[in-house]
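These are the structures in question, set out in turn.
Look for chain A in each of the two complexes below; its partner is chain B in the first and chain C in the second.
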Partner chain A sequence: MRAESLLVPIGKTLAVAAILVWSLFPIVFIVASSVKPGQDIFAVPPQWVFEPTLQHYATLWAQWGVFFRGLWNSLLITIGATVLAVVASTCAGYAFSRHAARWLDLSVVALIAVRLIPPIVVTLPLFPIVNRLGLADTHLVLIVLYATFFVSLGTVLMRTFIDQIPRDLDEAAAIDGASRLTILWRVIVPLAAPGILAVAVFVIVFAWNEFLFAFIFTGTNAKTAPLVISEMIGSIDGVDWGVLFAASTVQLAPVLAFVILMNRYLVAGLTAGATKG
Partner chain B sequence: MADLRLTGVKKDYGGHSVIKGVDLEIRDGEFVVFVGPSGCGKSTLLRMIAGLEEISDGTLDIGGKRANDLSPRDRGIAMVFQSYALYPHLTVAENMGFGLSLRKTPRAEATARVARAAEILQITHLLDRKPSQLSGGQRQRVAIGRAIVREPSVFLFDEPLSNLDAALRMDMRMEIARLHRDLGATMIYVTHDQVEAMTLADRIVVLNGGIVQQVGRPIDLFRDPCNAFVAGFIGSPRMNFLPVTVDSLSGGMAQVSAAGVGPVAVAAGRITMPGPAILSIRPQALKPDQAADRSPLHGHVVLLERMGTETVVNLRLHSGQSVLAVVPGDLELQPGQDITFSFAPADVRLFPASDLPDQPGTPH
Partner chain C sequence: MRKTTFLGVIPLLAPVQLLLLCVVILPALYVVWLSFHLSSFGQAPEFVGWQNYLRVLSDPAFRSAMWNTVIIVVVAVHLEMLVALGMALLCNSGVKFRRFLLVAVLAPYAVSEVVAVAMWRFLFDLDIGPVTLALQALGLPVLEWSYEPSHAMIMIILLTIWMHLPFTFVILYAARLAMPADLYEAARIDGATRLQCFWRVTLPLMGPAIIVALLFRYIFAFRMFSEVWLLTGGGPARSTEVVAVYLYQEAFSYNAFGTASATALLMVIASLVLASGYIWLLRRQVKNAR
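What follows is the complex of A and B.
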């Protein structure tokens, strides 16, 4: 009995530790490698104690200006895609929630089905279209693509959220003198804010890290940070792993900070509708 | 302030008829209660007046103006919902002033109107709170406050008290009655609770199956219901219905009899032919005594519900029929005891058997 009562907490602690190592190892490895002297990064056995250096960051700044332009592009595209996806998902989620109709339900299934297709299948036929429209290598093409890619999940998520908001509130607002748009803006949006944040987190993480679409549709003007990082591996001077890890850390930091800050809302967003009240 | 006129108003949902042609006039300043069992269409009718449901057929006039196609905000109405429907992200003051802010009412005037309504409802101390910090009764006051602030010509109430406990319900009932007296506004109130209907209404509209059964003052409906449905719905405890046979008719009177009843002569009402009929007797009209001018009912006591000032006696007649009677609380009775009740022929009403097709023992 006594042994058993000890085993349970030990087992739990071990399990938590394993999960922590599993999820934190890549992050710790990247961040630690970015401040290790070059020769220590892949040293065998691993160097746990080392003299931290910011040398790689200095090199990154001096030699890879294109990376920071990439970050700027990533930022613009991420903001654009997020705003577009959130606005579209909220409007669509509201319509799906408040207008029950069989064809609307069918279209929800279609929205989800689109997500099951491998992205590359969607991407290749788009290539000539994007070229014809003169949108290749523009911010706009990635903004629209990323937003489009997330509107399906976003709509389903927002619908679930808005379903929780009693219809009586719409009706009370209508009697109070609100138009549909006013109801959406002044009643639904404030109450669905956690859902909107959850959708935003998804789009931000996706758009910030996305590689495939960016690789195919951008060249120089709208090149995003992940593309530049990939170029570092193929660099003609050989791979400078320290700089690569420094760039990865810079790329990782904002989105990691954002997700940690928004974690509470993200969990709320994903479990919306799980319980009543 | 405004009067309302409904003419041949109908509501269909995909071929299914919910409101089957309502004609009704509501006078300016009147308090009208729609009452009926759940699913009778009373809430639908209210929502049609509010503009939340489309009117399939017929016309609705508010203040002499056709309102069928007006949006809710243009009808000059305010509505209090059963769920209160307060905006959870706004404070009490913001909730009450929401409609004013949408109409771009000057801030000073809006604040003054909110303050005045809060004072009327004694919720001034709650103005800065969020709805989640309020009790059910307080929320209902805020919901009513939101309606008052708008100064509508017609107030609509959709079962506003059904989420409150019994004591609070009585308080709020009196509050709403006081409000109607003070504001003098036209009010339409939906409830399934006939006590609320009886105590609040200038006139009651009894609905069943999407059809208006009877419209009238509460006391008229109580004393002179036009059919067995109204008779059964209005009054507490419930009306007793006894299946009887009409033996003969003459001069507006019907000679009726049944096992354990009569023969007794009662007003014929809508009965025009001898045959099966329903005799309705209010529990309060049954007296535990026998007099020469009263007709007796013999049975035994099954159950006693002692309320204090009065006792509800559940009686089984020798014919097997269950009957309720209300007797003074100090009357000594025992379950199982044989007893004879009596009624005055003037206190009962006779209805066609077709009024209550589901009544046990009623010939079909």
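What follows is the complex of A and C.
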């Protein structure tokens, strides 16, 4: 008993340390390396004390203008996809929450079944169609694709959150003569804000980071930041690690800060999405 | 409650249904049609029956891709589940700084596949990677992932676990959090040991959450593309290709849309079979344990 009482806290502390190293070491290492002077990146053993420098960021700025255009594209696409997904999911979630009919239940089943189709499958037919419509390499394609792959989860999430809002509230508003859209906008949306944030977190993280669709559907105009970074990794004349780390840090920092800030909504969304959807 | 009328609800559902119809459902049906046709750029599709399926199934590259995918899914998802379960129980056992720990575990969720690959390629670089150098310094074997296929597979598995652990962890953590504490008190009073508590109380009650997390992870791991494409490109010599990479090569490198479509359907079917088989088994075990 005494041995156990001593071993358990030590074991726990070691386990916590292992978790922290596993989760954070790659991130911390890359961010730290992005401000290391050139040769220190490759120092053996790794240098933990060094003179921070922004030289890699300067190189990135001077030589990789395409990366910053990529960031701008990523931003526009992320905003577009988030707005589209949130509006569509909120409307549908409201409809599913407040109405019951057999064909509506079927529609929910279809919504969940759709998630079984891998994204790469739909690129096959969409690729020629997008080209023919002249939509290849535009922001619009990625906005629609990213939003679509989250409206199904988004709708299920919004229904779960809207289910928790008492129906008396919308009935009272309806008696006062509010239209369906007014009720949705004035009653439901403010009360379902946590759900909306949860959906938004999913779409924002996905759209900002997505690689496959961007790789297939964009070339120069609408090229996103992850795509530019993948080109840095695959560069033929050898990888310039310092610049790659700087670009990775710039791409990662905002979304990491966002996830940390919104961790409550992310956890709520993941939990509700997995158990209900 | 308002009477549900078709016309009253349709406008609210229309955006979602339209998006799914145009982007997912119709294209998926078209893929089914394509899989029975011979099709390439600038050619009229020609009906060929099951030929595409036969061709894909007899292609050694497909078989190796399917085999790799199954290995990655089985190894990565189960390892991930074990680690996530341990972490979820640890985080619920009164450790200090629980909120900080939770956020730290979530952090990789924010990292894009591209940046994660950049990190791992550097950490395990054979000449300059800090992890490789550390392993060498300790006299341990290093991962020669850029030319040794089995090592490349280990890299892919490690990377995919790193990226998806937050998801599995959160599901299990929430399930453990929702469990009533008095169950443990009751078990303790009845003289149950720690191990008995785990087998008889924790595991059966977390069963449904474990099944849900596994189901999601099977399905998502089966469509893995970016990690493999960016880390190894399917190489060396197509030895680490997974089904999604094979599909991409067929469609966009060889312009064989018919066989690519057949691959797509085989991929959907295989992931469903794998997922449902495991889930069925697990569900039965959970029921028996109760």
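The rule we apply is simple: the second predicted complex is superposed on the first by the 250 of 277 C-alpha atoms of A that agree within 3 Å, B and C clash if a C-alpha of one lies under 4 Å from a C-alpha of the other, contacts with A are read in each partner's own complex, and residues count from 1 in each chain.
Keep in mind that, in the parts below, contacts are C-beta pairs under 8 Å (C-beta built on N, C-alpha and C of every residue); 3 or more make two chains touch, one makes a residue touch a chain.
The model shown is predicted, which means the values in this text are computed figures rather than measured ones.
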Simultaneous placement of chain C and chain B on chain A, clash or fit: fit
Touched partner set for A:Val187, first chain B, second chain C, both or neither: first
Chain B versus chain C as contact partner of A:Ser152, first or second or both or neither: second
Which of chain B and chain C A:Val114 touches, first, second, both or neither: second
Angular separation of chain B and chain C about chain A, which is computed from CA centres of the superposed model and rounded to the nearest 10 °: 100
Which of chain B and chain C A:Lys12 touches, first, second, both or neither: second
Chain B versus chain C as contact partner of A:Pro166, first or second or both or neither: first
Partner contacting more residues of chain A (chain B vs chain C): C
Which of chain B and chain C A:Ala174 touches, first, second, both or neither: both
Chain B versus chain C - smallest C-alpha distance in the overlay, whole Å: 6
Overlap of the chain B and chain C footprints on chain A, listed as residue numbers: 171, 174
Chain A - residues contacting chain C, complex: 12, 15-16, 19-20, 22-24, 26-27, 29-30, 33, 41-42, 44-46, 84, 87-89, 91-92, 94-95, 98-101, 104, 107, 110-111, 114-129, 144-145, 147-149, 151-152, 155, 167, 171, 174, 180, 184, 205, 208-212, 216, 226-227, 229-230, 232-233, 239, 241, 244-245, 248, 251-252, 255-256, 258-260, 263, 266-267, 270-271, 274-275
Of all residues in chain B, those that touch chain A in their complex: 50-52, 71-73, 77-79, 81, 83, 85-89, 98-99, 102-103, 146, 150
Complex contacts: residues of chain C adjacent to chain A: 1-2, 4, 8-9, 11-13, 15-17, 19-20, 23-28, 30-31, 34, 41, 86-87, 90, 93, 95, 101-123, 128, 130, 133-134, 137, 162, 165, 167, 170-171, 173-174, 209, 212-213, 216, 219, 222-223, 225-226, 230, 244, 247-248, 251-252, 257, 260-261, 264, 267-268, 271-272
Contact footprint of chain B on chain A as seen in their complex: 166, 168-169, 171-178, 182, 187, 190-191
